[in-house]
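Two complexes are shown next, each including chain A; its partner changes from chain B in the first to chain C in the second.
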Partner chain A sequence: MPKQINVALIGNPNTGKTSVFNHLTGLNQQVGNYPGITVEKKEGICKLPRGLKAHIIDLPGTYSLNASSLDENLVIELLLNKNDKDYPDVAVVVSDVENLKRNLLLFTQIKDLGIPTILAVNMADRMERKGISLEIELLEKRLKTKIALVSARKKTGIENLKELITQYGTISTEPCVNSSSIDPTYFDRLRKAFPNQSLYKLWLVITQDVNFGNLNRNKIEHTNGFSPKKKSDLKRLQQKETIVRYQFINGILKEAMTVDVNAAKDLRSRLDRILTHKIWGYVIFFSIMLLIFQAIYDWSSYPMDFIDNTFASLSEWIKTSLPPGVFTNLISEGIIPGLGGIVIFIPQIAFLFFFISLLEESGYMSRVVFLMDRIMRRFGLSGKSVVPLVSGTACAIPAVMATRNIEDWKERLITILVVPFTTCSARLPVYLIIIALVIPDERFLGVFNLQGITLMLLYLLGFGMSVFSAWILNKILKIKSKTYFVIEMPDYKLPMLKNVGINVVEKTKSFVFGAGKIILAISIILWVLASYGPTDDFDNAEEIVTERYGENLAPKDFENQVASVKLENSYIGLMGKGIEPIVQPLGYDWKIGIAIVSSFAAREVFVGTLATIYSVGSGEEKTIKNRMAAEVNPILGGPLFNFASGISLLLFYAFAMQCMSTLAIVKKETNSWKWPILQLVIMTGIAYVAALAAFQFLK
Partner chain B sequence: MTIADLKRGQRGIIKTFENDNVPLKLLEMGCLPGNEVELVQIAPFKDPLYLNINGSHLAIRRDTAMQIEIEVVK
Partner chain C sequence: MIQEILVWTTFLIAVGFLIKKFFWKSPKKATQGETSICGKSDCGCH
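So, the complex of A and B:
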């Protein structure tokens, strides 16, 4: 017997399969992607009795082996390919006791593949309350397997399951259902053409169109003496197969399972009556969203400030304690702030995924999808796009990650593409300072503050733009996708904190190590561009300032002036000047140009960059604001920041794709540079046109 | 009469359906001829529909529901 065996965990969604996985592996697990696609691959190691070890794969949830998504395809490909290094020695089908009938459909299919298959009946602790009783021995005999009653919630039965896994060699590999009975002549011909292959495997290769080894659908259907069937006939046969399997299952359950129909099941209906109500449903949903939004936005500001300050003082500390030089500067001005730029997103991501896991674990998410599907469908989105769009108001990065719940690739892609239009928190500092400059602090109709209304309009504009572009994308994108929609409405459950915790840790880790690398690289590049210049003026900044202002400047002011001259002559400064002709029609000068260029790393850099350029060291907004208000437009005269250029800037920041981190995560989630580059070009194009039109119209 | 014609709380027995228009997934989730279906809830704007088919709770869009013939249980 080998020391380590491969175990595949398979099951319907919402059966608690992942909880069982978490119990078996603990934190001894890792989440990656399957090569080339963005389906999550979860695997872990589990210690079994008698020194044996199991390598466990948590396969994506599926209702059957008839694949309709990328995730489900994966399950079949693994189970059909004996040469795969992950090919299971034993499969564990995790089922939910309340939906045993439906869960057994998948079980009978796996069993027919000739893999030793154990049935784990989860949520066994709910049996009594739901009035369900099972005759395990009879079930084991009829299903030709071993059954473990487990409760992931109460943590019972897990040891028994481990014991059964070690004894996998004793489990019968005989099939339960004779699938060839659905069309004996067809299967007979199949048997004659491929005497050495399992009939059910051949059938799956034909109907699922997957390749394994040297067998594929084409090869089978073009073998001598074998006449292929039409697609619609095959589908009819698949339906027949499903019906035959259900007949088998119904027969067994009639004997082995009794359900007391009067047992309590009104928690579901009572909650459903409120949560999917045509008025209350929306009220509750929006209240929950408000709470989540508040949490991500408000609560995470404390840890974010802390992180910000910690990294700032770390930079300062390194600067003072290491000998001065390029290397010290690279660490203190490039790498440390770069790392800070990654770590600072952790609170928002962790909070968001904490709430999303709570909503999913409790079963509420399916109700939201149910409520919102009709409305979202008008725009080419799905009910499942709501959560990413709302969380985009905090930050587009976790929002893009949250689209993983959307199974339909087209709907998911559209959601990913339009999410960055929603007003994220990084736009807020930019909005606030520009609004303060160009919108009068007056009341409209005596009640509404004009500045407040402008801010609200900007949020609405963000939402409106994402929905509108979704509608356009839906018309343009020619992606074949499922035209139907089936979603399970699971029973309400109290979320298990262990699952929520593991999910939060996994998602955060995947952000830090995935997108983090790119953010770090970009910040180092930006640092280099801002710290070096090609001309003598850059190197002689001190002399230039002394020449301009004499010797009498206070040390603080002197440093600020030097920094300003250096920035002006650095590579990034020259880029700002270089793009001046492009930004002039929008009403900006080269200084705003620099701020915009550096904003492409992250929008919030805008205010900081302007602060440096206008030589305001302390970062007090009031002073920046005053300096900005005093700037004169070099060509048109008059204040640089007036109503026209202000609105133009606001529109530019509302639409432009100025966030390297978002581009990095979109690249990761779509597994291609095509979509983030399109996003960058199109969004920035829209921003430019909108800003141009606004300035030219208003000036 | 189809599932889409049911009123909230009403039940029916699934008769037949236009084979090619109903996704296999729905069959696999228990939507088979002979099974009982109850309309649990209708979403605002009358779509999707929340069903209980033989103990399996699921939601489908109205256009799919219109493909599934039923006989109402009084």
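So, the complex of A and C:
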């Protein structure tokens, strides 16, 4: 027996597969992408009894091996290809005790591939409450497998599951359904043409258009002695196969499973009636959102102030501890403030994802998708577009990729084009700092924090804009389409804090490390560009200040003026002055202009850029927020960040396509530069006009 | 002098990192893109 085995964790969506994976692997897990495609791949190591180790792969959730999306295709390709390094020695099909009938369809299909397959019946703790009883021995006999009753929530049955995985060699690989009975003559011909191949694998290759080894549909159908079937006939046979499987499943569940309806206490239906109500559903949803945004502001202000002050002190400490010189300045004025500009937002981002994870884990998010479907249909989209739009609140890149689940091309294209309007986490730092500067920290009706309300309005604005744009695109794009939407409502459950915690850590980590590296690099470049200049005025800053103000300036003021003249004549200052005429009508100075240009790489760079530029510009204020608050508008006088310029900036960032990576992924997904370029031009145009109108109206 | 060298080295590393991140497409990745499951994604293929 090898020391390490491959275990594939497979199951329908919402069966608690990821919770089982988390219990098996603990923190020994990695998240990556499958080679060549950007579908998330979760894998981890699990220690099994008797010194055995399992390499566990959490495969994307799928209802059957009849693939309709890229994620499902991937599951099939892995299970077919024995040469794949991840090909499982044993498969664990995680099923939900309340939906066993539907879950067993996938189980019987995997079993037919000849892979030792264990059935893990999850949520076993609910059996009593739902009046369900199972005859495990009988089920094991009929399904020719081993069954583990598991409750990921109560952490029960996991050790038993590990034990069964260890004994994978003893599990029968015999199929439990005779799929060739759907057309014996056809399968007989198939068997004769390919005597050395697994019959069910061949059937999947023919019907699913997937490849394994050097076999593909074309090759099979053009093999001598084998006459292929028409596509419509194959579809009919697939339906027949599903019916045969369900007949088998119904038969065994009739014998081995009983449900006492009287014993069940159905809270779910009562909750659903309220939470998906056509009026109360929306009221409750918006109240929850309001509460979340209030909490984000109220709870995270203390850790944020702490981080801001810590970075200011660290910068000061480095300046005084290291030998004086340009490199010390680079660290204290460029790198540390730049990094501070990202770390400061960790508390708010962690709180946001904490709440979103709670909603997802509890089963409420599916109700939100269902609610939104009603609205989306009026604008030419279906609920399927809601999933990318909701995941767009984290990041537009996975959201654009999530559109792969949308079968209809027109609907998919529209969703791809409007997703970048939803408020992603990269916009959050910009919103948070600007809101803190221009919206008073006061209560509305004595309860609601005005800053929290503004943040919520910005989220609604992003969502509203994406829906409105979808409506316009639906009218403009002349592509025929027909679509439907089916969503499974998982049961309500108490969120598992372990899953919530892992999700928060993963999301925060990817925000800090993904954006952090870019911000660090841009901070370094900006500092160099702000600390060196091409003209004599840069080198003669002291003389210019003396000439301008005489000898009367206090040493501190003299230093500040010199730093200011140097900054204006530095490379970045000259570039900023070059673009100033474009941004001035929006109420911005050249420094904000530079921050907007540099944040084209990623929106969150905006705050880091300003932190670096203002740091080089010196000044008494040490924290990022105070430095920004102290900036004076060079033309109009008064604070640079006032209500008018602040709202203008918020609107600019709400609408502008400030993300290179999103453009790249849109190009990849649409296979054309036409759509990302259109997106960039139109979104930037809308952002500019909205920001201009806001400033001119409010100033 | 040493500090100047360190600054410019750091600057070049930062520029190199951004070029690699946003503009450099490794030949390996380029090939993988062509052979994705979706094929040359048109990509209303499923």
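Quick note on the criterion: the second predicted complex is superposed on the first by the 471 of 699 C-alpha atoms of A that agree within 3 Å, B and C clash if a C-alpha of one lies under 4 Å from a C-alpha of the other, contacts with A are read in each partner's own complex, and residues count from 1 in each chain.
As a convention for this text, a contact is a pair of C-beta atoms (placed from the backbone, for glycine too) under 8 Å apart; a residue touches a chain by one contact, two chains touch by 3 or more.
Please read these numbers as outputs of a predicted model, since none were measured by experiment.
Engineer: Tell me which partner A:Q238 touches in the superposition: chain B (first), chain C (second), both or neither.
Structural biologist: In the superposition, A:Q238 contacts chain B only.
Engineer: Have a look at where A:E77 lands relative to chain B and chain C in the superposition and call it first, second, both or neither.
Structural biologist: second
Engineer: First (chain B), second (chain C), both or neither: which does A:R412 touch?
Structural biologist: second
Engineer: One more residue to check, A:N66. First (chain B), second (chain C), both or neither?
Structural biologist: After superposition on chain A, A:N66 lies in contact with chain B alone.
Engineer: For A:I524, using the defined touch cut-off, is the partner it touches chain B, chain C, both, or neither? Pick first, second, both or neither.
Structural biologist: Touch partner of A:I524: chain C, not chain B.
Engineer: For A:F463, is the partner it touches chain B (first), chain C (second), both, or none of the two (neither)?
Structural biologist: Neither partner.
Engineer: Taking the superposition as given, does A:N99 touch the first partner, chain B, the second, chain C, both, or neither?
Structural biologist: first
Engineer: Enumerate the residues of chain A that count as touching chain B in its complex and touching chain C in the other.
Structural biologist: On chain A, the overlap between the chain B and chain C contacts is residues 68.
Engineer: Sort out for me which residues of chain A touch chain B in the complex.
Structural biologist: Interface residues on chain A, with respect to chain B: 63-64, 66, 68, 98-99, 101-102, 105, 232, 235-236, 238-239, 242-243, 246, 268-269, 272-273, 276, 278, 281-282, 366, 369-371, 373-375, 482, 484-491.
Engineer: Quick check on the complex: what are the chain A residues that touch chain C?
Structural biologist: It is residues 35-37, 67-70, 73-74, 77, 210, 323, 325-328, 330, 404, 407-409, 412-413, 517-518, 520-522, 524-525, 528, 601, 660-661, 664, 668-671 of chain A that touch chain C.
Engineer: Going by the contact rule at the top, pick out the chain C residues touching chain A in the complex.
Structural biologist: Residues 2-4, 6-8, 10-11, 13-15, 17-18, 21-22, 32-33, 35-38, 40-44, 46 of chain C touch chain A in their complex.
Engineer: Can you check the complex and tell me which residues of chain B touch chain A?
Structural biologist: Chain B reaches chain A through residues 19-20, 23-30, 32-33, 40-41, 43-48, 50, 54-61, 64.
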